[in-house]
Each structure stands twice: as C-alpha cells, then as structure tokens.
Amino acid sequence: MTDLLRLQDIKVYFRSRAGLFKTVEVKAVDGVSLSLGRGETLALVGESGCGKTTLARTSLRLIRPTSGRIIFDGADITHLPESELKWFRRKAQAIFQDPYSSIDPFMTVKQILEEPLILHKIGSREERMEMIARALEDVKLTPVEEFMGKYPHMLSGGQRQRVVIARALILRPEYIAADEPVSMIDASSRAEILYLMKELQERYGVGFLYITHDIATARHFSDRIAVMYLGKIVEMAEPRELIENPLHPYTQALIEAVPEPDPNNRFRERKVIPGEPPSPINPPPGCKFHPRCPYVMDRCRTEEPQLQEIKKGHLVACHLY
Amino acid sequence: MSVGRDALREFWASKVSKMGVALLVLLVVVSVYVVLTYPLDFGLRYWNNPAYWADNPKAVPPEWWNLFTDKKLPPHVIKDFHEPSDVRDQRGRRILEYVYSFDFQYDEFPSFLSISLNNVTFSSRRPPRVEIFLDRPDNISVRLLRFTVTGPRPGEEAPYFRYVEAPNRVRITGDKNVFSALSAMLKKYYGLSIRPSEVGEIGAEKVAFGEPSGDGFKVLRGRYVLRAVVTGYDEDVDVGMLRMVVGGRVYGFSGTDTLGRDLAVGLLFGFPIALLIGFLTSTVTTIIGAITGVISGYMGGKVDTGIQRLSDIILNIPLLPILIFFTFVLGTEIPRLWVIIAILIAFSWPSLTIVVRPMVLQIRESQFVEAAVAIGAPRLWIMFRHIFPQVAPFVFAQLIFFTPSAILAEAALSFLGLGDPSMPTWGQILETGFRSGGVYIGYWWWVLPPGLLIVFAAITFVLIALGLEPVVNPRLRRMK
Amino acid sequence: MAVLDIVNLRLYYKTLRGTVRAVERVSYRVEPGEALGIVGESGCGKTSMANAIMRTLPSNVEVYDGHVIVDGHDVVRMSEEEVRRKIRWRKVSMVFQGAMNALNPVIRVGLQVAEPLIIHEGMDKREALEIAREKLKLVGLPPEVSDRYPHELSGGMKQRVVIAMALVMNPKLVILDEPTSALDVSIQAQIMNLLKKLKREMGLSMIFITHDIALASDLSDRIAVMYAGQVVEIGSAEQVLLEPKHPYTQKLLAATPRLRADITPEFIPGAPPDLASPPQGCRFHPRCPYVMDRCRREEPPDFEVDGGRYVKCWLYGEEG
Amino acid sequence: MGVLRTIGIRALTLIGVVIAVLLMLVIVLGVTGLSDKMLKAIADQILMEIRQGLAREIKDPEALKAAIEQQRMEIYAAFGLDKPWYARIPDMVVRVMTFDLGYTRTIKSFTGSQRVADIIWERLPNTILLVTTAIAISAVLGLIIGVKVATRPGSRLDRVASYFSAISFALPTWWTGIIFIFVFAFYFRLFPFGGMYSAPPPEEPLARFLDLLWHAALPVTTLVVALVGSWIYVTRTIVLNTAQEDFVAAARAKGLPESVVRRRYIIRVAAPPILTNIVLGLAGSIGGAIITETVFQWPGMGSLYYQAIFSLEENLIIALTFIFTVVYVAARFILEILYIVLDPRVRY
C-alpha cells in the first residue's frame, strides 16, 4: 500500500524584516521527512514555536516549502500552481485550533457547510441540503434544521468545533490536518470532540495529522507520535513505545514535565531541562537541543544527528544511539 | 441576516443615532425639494446676477426679527399689476390708473420706493406719459414724478413696443425730480424751505412718509395711496405689467445681503451642494481606501509596500494648504467644486487604507480564511466573501465619519475666497458676509445662519457616526 | 490560626443578561504553610475568588458579602483604603494569569518589583531596588533583568518576574491565578519546581487557582473543586485525587488524559451552566449520572465525609 | 543606537514628504504654465532695469532695440525660459525651497519689501506663536478633562464632554471665531475685532505684552475650542482602553494608591498612543490656524494666504503652501521623537 502523504526533507524558511534594510531568516521547519498511511493517525507533538503548525500548513500546501517535496497520493504537489490543485483541495482538509475564529462569523452554519460544495461544484441544491444534513448528523448537531440557520455567535465552543469538523468532512477527504483541535475546549468536553473525530476518521478512512502540544491526548488518539523540537523531528514511534521508552533527552523531559493527578507529586521535584527553546532565527549549531541537554557531548555541538531507526518503528535523532 | 439585524437594533437603540437619522432625513428632504425646484444654472443666472435682486431691500434682517424688537420695521411690499385698477377714455386719451392703497403703521420709514414698467405698447407717435402720485394720511397728495415712455425712433412702425427685454425701473426715492416735488410739498404744507438736494440728503423716503418733527422727520402713520397714472394717446396703449415696490426694512425668512439677495434662497441652495460634496467625496474616498486597504493587506509583497509608502507620504502632507494651492491653480480651468472634491479624495483615501490594512492582515491570518484557502476558494472569492464583509461595517462607519470633514473642507475653502462662483454654498455666503464687513456692522442674519447650517449638516453625520461606533467597534460591543 | 478564613462568601455581578452569581456561598480556610488548589473549568468563578480576597472588584458588583478574614481583618467589612494599606501585598499578594499582560510595558521590571516597598514601606528607591534584585535572584533571574523592560524578556522570565513581585513584601499568602497557563509544558515544569521550592523554603501559604486538576496535584496540600460558582468538594490532595466523592470530581479526573496509564479519558456530556441562570437544586444535576429527584429541587449542603473533607452532594446526605 | 536609527528612518520619510510636495508643486505649476508666467515676470523686472541703463548709453533706437532683445534672450536663457517646463524642474525646486519666487504685485511686508521671502519670514513667527500657544493650551486642557472624564465613564460630566467633542468636531473653526467676534467684540466690546497690537502699539514692553495678550485672547480661544474636543475624545478613549488592561488591575492589587495607578499605569502608558493621535490631528490644527488668522486678521501666514488669494499673488501662494508643509513636517518630527522617548517598545 502506498502512503497517502509523503513529506520529503521539507524546509520552510521565512524572511522576516529586522529594521529597514536587514532581513533575517526564520527556519520554522528545517528538514522534516515523514509519511502518513491511509486511515492512519499521526500525532505531531511539540512546544509552541517548534514548527509543527507550519509543517501542517505545508502539508496542506497552504505554504510552499523552501525546499523538499510534498507527495500526495503518489503525485508531487510541491510546486503545482493553485489552479491545478483543485483535486487536492477536495481531498485534503483542515481543522483549526480556535473554534472562535475558524468559521466566518457572518455566515450561517448552512452557508459554512455549503461553501466547499459550491466551490467544488458538487450536487444540486437539494443534494447539497441532504449532504449538509448528513454532515450535521455525523457531528451530532441535531436537530439539524435548528442548527442550519444559526450564526457562529449563537453556538458554544464545542458546537463550533463540530461545525468545523463537519465542514472538513463534507467533501469526504482522504487527509485531514487538525491543528490543536481541542486545546481551547474545556477539559471535561475535550475527550468528547476527540472521540467524535476518531469515530468519523475510522468510519471514512481518513488519514489524520494531529498537531498538539499535549502528549497525553496524543497517546490515546493516535497510531504514531512524532516529537518536534525547533523545526526538526527528534523522535518518532508508536505511542506506548514512545512514552514508556523515550529515547531522546527532549522527549524524556517532555514526558517528565507532564503532570498526572497524583498527590505525591507535591513532594518531589520534576527533572526539568533548563532554559527555554532558542529562537529559530539563530538556532544553535550541531544538535539543536544541545544547549539544554543533560547528556551533551562534544560531538553534539558540531554535528547534527540524523533521524534513524533504533528498533523497529522507533526512530530517534540523537548521538547517544 | 441576523448579525445585520442585531447591529441595526443596537444602532437604533441609542438616542444619538435617532437624532442623527432625523436630521439626515430633514437634510435629504430639503435637498430633494431644491433639486426639483431650482434651475441648474441658479448660481450664474440668478444668484450672482445683481439685476435679479434689484427690487429687494439691501442688507435687512428677516421679518421675524420684528418679534424681538420694540421698534416695528416695515416689511417689504411688491405690488404687481397685470391689469390697471381703472381705465378711462378722456378726450381721445386713454388713462390707465394703478392704485395701491396701504396702511402704514411702522416705527421706521420704508427703505425706498420704486416702480417698474414692463411691455409697454402704444401706436400713436406721441408716447404715453407716466405720473406717480402719493396720497398721504394727512390728505396731502404729491405728484412725485412725471416721465414719458421713450418715443418712436425715426422709421419705426407702429405699434411700438417698449421695455420688453428688461423693465424700465425707476427708483423713486433716488430721483432728483422727486426731491424737487417733495421740497415743494414741504414748502407748501409745512412752510419749510428745504432745497431738493437737501431732501436727497435727508432721504426722499423720510420726507414722503414722514412729517417734520424737531430737527428731523418722524413717521407719519396711516393710510397711503400710491398711484401710477399712465396716459396714452391712442386706444392701443397697454402696460404688460406695472410693479410698485415699497422697500421694507425686514425681508423674508432670512433677510437680504448688501446686494439685496434673498439669503433664504441662497441658503436653501446650499443643502444639495453640501450633501453632494459630503457624499460624493466620502463615498469615493472610502471606496478607494477600502479597496487599496484590502489589496494592500491581502496581496502583500511589492503592491503592499508601494501602497504603504504612498499612503505614508500623502498622510504627511497638510491638507488645507494643498487644497488652496490646487484650487487656486487649477480652479480657473476646471469648475472649482470638482477640483475641491478631486483633491479631497486624492489626499484623504490613505487615512482609510492605513486602518483597513491591519484589519485585513488580521483577518487574513484568521483561521476561517485559511480554511477557505484549504477548501480551494480562489483569491477573489476570499476577498469578497470573507474579508470584505468583515471590514464593511467599519468602512461604512468611516464613510459617515468622513462626510462632515468634506463639507467642512469645502466651507473652509469657500471662506478663503476659493468657492465655486457657479454654485453658491454656505461657505461662500459666509465669506461675502465676512468680506463685506458684516461681522463688524452686526449683520447677524448674514453670517450666523450659513455657519449654523454647516454645523447642522456636519453634526448630522457626527451623530450617526457616534451611533455607529458601538456597532462597529467590537471592543465596545463586548463590554455590554 | 488560619492565614485565610473564608465564610459564606458571595459575589454577584450585574450584567445585561441579569445577575451573574460568580461565587455562591463558599467557605474554606488556608492554614499556615499550606497550599490550597482551587480547580475548575473556565467560567466557574475561580478568578472571581481571587478578586474577592484582594477586594479588587469590578464596578458592576451587585452582592459582595460573607467573611474574608485575613490575619484577623475581615476584608469584606474594611474600607477600600484600609484594604489597600493593610491587606494588599502586605498580607496577600498575587501572581497573575498571563504575565505578559500583568507588567506595565513602559516601566523597568526592577522598579515594578520594588514599587510596593516604596509605596507601602516608604522605602528609599535605591534600597527597594536592591531588595527587588535579591528577589529576582531568588526566582532564578540574573539581577541585570532589573533594568530591562518587559518586552525584552521571554514568557518564562516574565512569569518569574511576576513571582518575584509577589514575594517582595514577604506576604503570608500568595494567590497564584493560573500562573502557567500561557506557558509550554517544559517551562511550566520549571515554574512549578520554583513554586514548590519557594513554598518549602519560605513556608509560604498559597492558593493555586488552575483549570488543570493534574497540575493542581503538583503543588496543593488540599484541593477545592469548583463548579458553577460553588465549591463542590474540598479535602486533602489524597482524598480528592485518590477517592473523589463528588460525581463532578470523579468525572473531571476521569476526563484527564493519563500519559502513563492505559485509562482512556472520559467526558462529561453537556456544558457548564450560565451563571446568570443556574439550574435549580444542585447545579451539577443536569450533567450528573447519579441524579435523583431531590437533586433537582434542593441544593445540597456541604456534607463532611471522612474527616476534613466536605462534599456538596446528596449522595452523602445519610452518612453526613 | 536603535533610537537613532528609528529617528533616522522617520527623518528620511519626512524628507521624502517635503520632496514629494515640492515636486508636486513644481509639476503642477509647469503643466498649467504658471511657472513660465512667474519666471517671465521676474525676468522682465530685471530687463526693465537694464533697459534704462542701455537707453542712456545707446542713442540709436534700432541698435537699442537689438541690444535689448539681445539682453532679453540672455536673461530668458538664464531663467531657463527657452526650455520646456520639465527641463526646469530642478531649478524651480531650488527656487521654491529658497522662496526665490520674485516680487509681489501689491502685498508688502511690514517693512515695505515686496520680496516673497521677506514677507514670509516676517510672518512665520506670528503664526508659530498663535498655533503653539493654542496647541499647548488644548493639550493641557484635553489631557486633564479627558483623563477626568475617563475615570467616570457614563457620568454627567462624561456625557457633557462627549457632546462637546461631537459639536467641536462639527464646528468650523472660522465660524466659531466669527461668533466670538460677534459676542465679545461687537456686542460686549470686551476684546478687539482683530489684529495683533493696537494701533499704534504701546511702547513700553509690559504694556506691549499685555496688548498682545488682549489681542490674542479670542483667536487662541477659537483654536482651542476647535482642537480641544477631539483631544478630550481621544484621551478618553485611550485612557479607558488602557484602564482595562491587566497590568492596571495588577497595580491595584499591589495596593498602589489610585493616584499612582492613574499616573504611572494609565496615563504614562496611554501617553504614546494619545500622542500619535495628536500627531494625526496636527494637520487639522494647521488648517484651523490658517482660517482663524484670516478671521481675526492676525498678521501671520494664514491671513497672508487670504490676501494672496484675493490679490491673485500666485508666487506667495506657492511659497506659503511649501512653508506650511515644512512647518507641519517639522512639528510631526518633533512629536515623533517625543513618542520614541516616551515608549520604550519602539526603541529598537
């Protein structure tokens, strides 16, 4: 079976103005390769500014990478002009973080869901109504008629996010990139949205890229987890393997930092990595994690480690292995 | 659309908005009335044509001023006769008599007396003779004036037509013969010897409508009869129209200026002009500003940089001096009103561009726009369907907000003497009032109303803009 | 004697939608050296709680009563000026949510930390700045930071500055209002370590307000769970986390995704009520799996369950 | 270092503005043929003087005519009149910049000179005196009232101030001036109708100063009424917004007295954006000044504009347009430096 989506050595550099004449380069994504199978869920975990959102947007060709290739369904779409991407736009969809800004406040739920159908010239008016109704049922916004006429400001955060999911699914895509879909939803409802996405993803066999900073939800809702640090993937494995046996010092620290509800927590200090992630404008040479790494070696300061398979299905980029 | 209805309800909820809308309705109604009833070339043909206003008193306050003063001032009376009051045939002559009888009960003399003849026809070689009599309440009757209509020219065939193109206007109170007649009257009835030239100095209207009292004259109240007798020497003699004017010391609703122009007429004409300047300028300005703002914000890159630089430069130029310069230099070739509007637009649009641009930048970054791109929406679709609706309420508010600035800018230029002479505006009326020294003499009816109207027009839009503010400003809205 | 004793506190706001009952008859105490965690979802009134203690109330407050006793003074009954002079920062200080917004952008950081000393103690500026530098060192910042403006610092550094600011007058009680919610996990862990260290070394009492019950366990000796303006369960960390009694607490814990265990997270159907029109009876009843008739009619009182733990639920009525 | 750079960038932009205005003036003058007319007038003036000299030396009328024609060609060439207008752009730019625009027809300076530059330089200080006084007073009033109003939103004072702001925005400056003349000069006879000093002006310095104050009272008040409304409004809005910021709540929680919170956390932070808005309103105050001077016959550049329009002195109008631009740009520059000093966030 061929992969649904393959990213090959993707680099995304942004130019940013620094004063009148000087521009600096921000290396948001700095050489990432990964592949996603049909119906598979890959979680991309990292802290803010690590480039995970940029990578997701690049996978949707919302950004053209500086270099590297995006291969979707066997076709190279890296440099296709927008006019030749229409088929891809139908097969690949996005779900965004902020349910308050990801839908146009001036459109009704019906208009929001109808827009993709109109743009892709799908169905007659009646057929479209039927598809919208089905999509709303899928995301459990019932009674359907009542929700169709509502404006976003009349919906709760969770309901909006369901509208967003319905919009992403209405074209029956093969690939969805979901960028922090639940981070702005209350803890008690978060799982509900994630279950809904999981259910629909399995029902329609969608390949899912799940972007999150929350490694705990990634564990429960994905087939594989990739950890990103400063524009690079530093480790990739199946969830249980990654969490029980993290290899990269950064992954270890990240897992260590996540609290669990345990009354003994207060009696022990967490092992933390010092400092904050450096700016992607001036990333350190060698391994990008070396200034904060407890196991730093001379080699780490000069030579960048490559992502390699240490055991089956477990990849890590670290000189320790 | 419910968002729109909510916004409308919110707008309508405030007292300020209601007041603004009421004023706007008034403005529009008056303007429509003027547009429907005034000729297009009003400015040149009537307003700036002194002959048209010749029968009016000069620089007098409005009639209602009498309500506020103890001294009752005579109103202006124009009496038009299309038919004579009486026609007699006497020894081969035809006598047309025009009689105007009126009760004069005021504390001040009329400002002048005049008579005009229009379309006089006759066929005898001897031209008709005109005599003007004044019968006073004290039973004195004076023949003020006698003159003949211009006789036939050699070779001219009967019937003879006279005063067809323009009326023959005789200002009675300014005529030397009248002075003599009045001087004779004073001698005969009061035993005063006052030379005709002195009558002229005192003022013929004072002598005619007054009686000597102490050093001067006081108003003689009572019934006066003003008679014009036209004696023709044939049966065809005819006067198309005869007009008698007893010049008042108050006039109409707004008084007159030093040329006798009825200020109410001019001020009314200012309504549609103010609206035209305000709406045209602000509409075009906001359209250009909104489009450049959306393009600059959404397209980015070189286009964006170019628009930004241009805006930055234009915004750093002080507007009024530039307006003066351009209107002065170009105003001789192009109608000044259009120059003013064009320059206002050319130098104002960036102020909208620079506020719309960051809004668009923010909207462009918002996830629903990104979602639309991901769905496969083309650029134009996104700009029109998603971005423009977001900025539209704000742009509309700016349109309203900018309207008074345009009106005020035109008024300022007019006040500096750069108004469009073919289009009398409030600013121009004020300027003539100011330049004629109206402020120093106290012609309040001349300088206050145009200013008040400008304020009225401007405040209409300011009020509406204030009412719109909570609707378009999300920060204020959220506080509720 | 307790550092803070709150009895029957009520705080209502007047809004266009009606009266919002943000804090409804809440009572608890904080003992010396103890950290109390207040856990709840957004809009449950936990931030209002902090405002009620400091008496930094917005202008639309409708009801503010009960007792907030700090060191023998009842804040509810004191005059505004007295609270300012005697309580704020002297007795109770605060670490604000979103440090990026809690610092004045045009004043150097050091002066902002030192300011309370200058105002309250009438201390000389130089002397106060010296103490500020010490406190900055205490929270792990180099003293040079003192001369910087807030925009020159990273998020983690600003958070440390805000903590140093809270410590500058050596208060008895520090209220931490979501001190890490804007930070990444790795930075969050650093800050939590710092807070633990400060609590241990300085014997500080703390109120730790958070939406994350797992994070609350990192610092709290006791935990109060809030739902819709009320404390529904309060007890020691062990009691609340290991044997939660209130259905909401149980569900909240179950909804927390576990990293190290194979328990799949659950969720609570429905949404928290609008505090302008809370449901009759128990406020949790529309979402409660164990709902009984009584819950719909009557609001449950606080039942004491196994020593020092109070639960606002009819399920424990008989035992109480 | 960073500050200097920011200032440098602003300076460059503003120099760009001056150059753009210069070019615009010169091009419009060229296209409309006005520059030809003006230069010819200057050249002919010179030629007339030469003609008198030549007439004395050369007696033969034919030779005189030829000599004069010869001179005319030379002078015209020197002024670039033999070339099309666009070839003269650099020359004209320099002329406008140095106010070397020849002589006026009727308007004279106070000392009797008819050189454009003399007339302008003489009046510049009077305008600056009037405008800066008015701006200073409005700034102080606007800030005080705006802050006061912002601390009590919704109060009666707040409403009154809001209505006043709206009205002041809709009031044409000059009309306000006329009303003042009507009421205070014509009706109550408290202040003079216009001018800067009585005629003759008092000799003694103190009396002279008081006379100036007496004459300035109405025009300054007029400008203040026109300006202060928007300043109150701007100050109020920004202060209200700032007062909602978290750090203000934090400052209150720190137990800082309200006066300190207001001064250090609200006004101090609100100052830079208020200043920005004031900078944006500066153009309006220049416009207001032009007309106010006209109404009160204040012998500054504004009333000179009015006279120049009336007597069709195009060279004066050009010079005035340019100097108003320069004055405006300079004022903006000063305020922007102040902004940089006030707001540490822009010091990069």
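Order as written gives the chain letters A, B, C and D; numbering starts at 1 within each chain.
We adopt the following convention: a contact is a pair of C-beta atoms (placed from the backbone, for glycine too) under 8 Å apart; a residue touches a chain by one contact, two chains touch by 3 or more.
Fair warning: this is a prediction, and the values are worked out from it, not measured in the lab.
Colleague: Under the touch criterion given at the top, what is the topological distance in steps from chain A to chain B?
Modeller: Contact-graph shortest path, chain A to chain B, evaluates to 1.
Colleague: Steps needed, at minimum, to get from chain B to chain C via touching chains?
Modeller: Shortest path length, in steps: 2.
Colleague: Return the chain pair with more inter-chain C-beta contacts, choosing between A-C and C-D.
Modeller: A-C
Colleague: What chain lies closest to the overall centre, CA atoms only?
Modeller: It is chain D that sits nearest the middle.
Colleague: For chain B and chain D, let me know how many angstrom lie between their CA-based centres, rounded off.
Modeller: Using C-alpha averages as centres, the distance is 32 Å.
Colleague: Chain A to chain D: how many Å between their CA centres?
Modeller: Measuring from centre to centre gives 57 Å for this pair.
Colleague: Any chance you could list the residues of chain A touching two or more other chains?
Modeller: In chain A, no residue touches two or more other chains.
Colleague: Counting only residues that touch at least 2 other chains, which ones in chain B make the list?
Modeller: Not one residue in chain B touches at least two other chains.
Colleague: So which stretches of chain C touch two or more other chains?
Modeller: If we look for residues of chain C contacting two or more partner chains, we find none.
Colleague: Could you list, by residue number, the parts of chain C that touch chain A in their complex?
Modeller: Result: residues 35, 41-42, 154-156, 184-190, 192-193, 196-197, 211-221, 236-238, 241-242, 251-253, 255-261, 264-269, 271-272 of chain C touch chain A.
Colleague: Residue numbers of chain C touching chain D in their complex, please.
Modeller: The touching residues are 54, 56, 84-85, 87-90, 93-94, 96-98, 101-107, 115-116, 119-120, 149, 151, 165.
Colleague: Per the contact definition, I'd like the list of chain A residues that touch chain B in the complex.
Modeller: 57, 60, 62, 82, 85-86, 89-90, 92-94, 96-98, 101-106, 115-116, 119-120, 151, 153, 164, 167, 171
Colleague: Residues of chain D touching chain B in their complex?
Modeller: Touching chain B from chain D are residues 13-14, 16-17, 20-21, 25, 28-29, 32, 34, 162, 166-167, 169-175, 178-179, 181-182, 186, 193, 241, 280, 283, 286-287, 290-291, 294-295, 305-306, 309-310, 314, 317-318, 320-321, 324-325, 328-329, 332.
Colleague: Show which residues of chain A lie in contact with chain C when the two form their complex.
Modeller: Those residues of chain A that touch chain C are 47-48, 156, 158, 186-192, 194-195, 213-217, 219-220, 243, 253-263, 265-266, 269-270, 272-274, 276-277.
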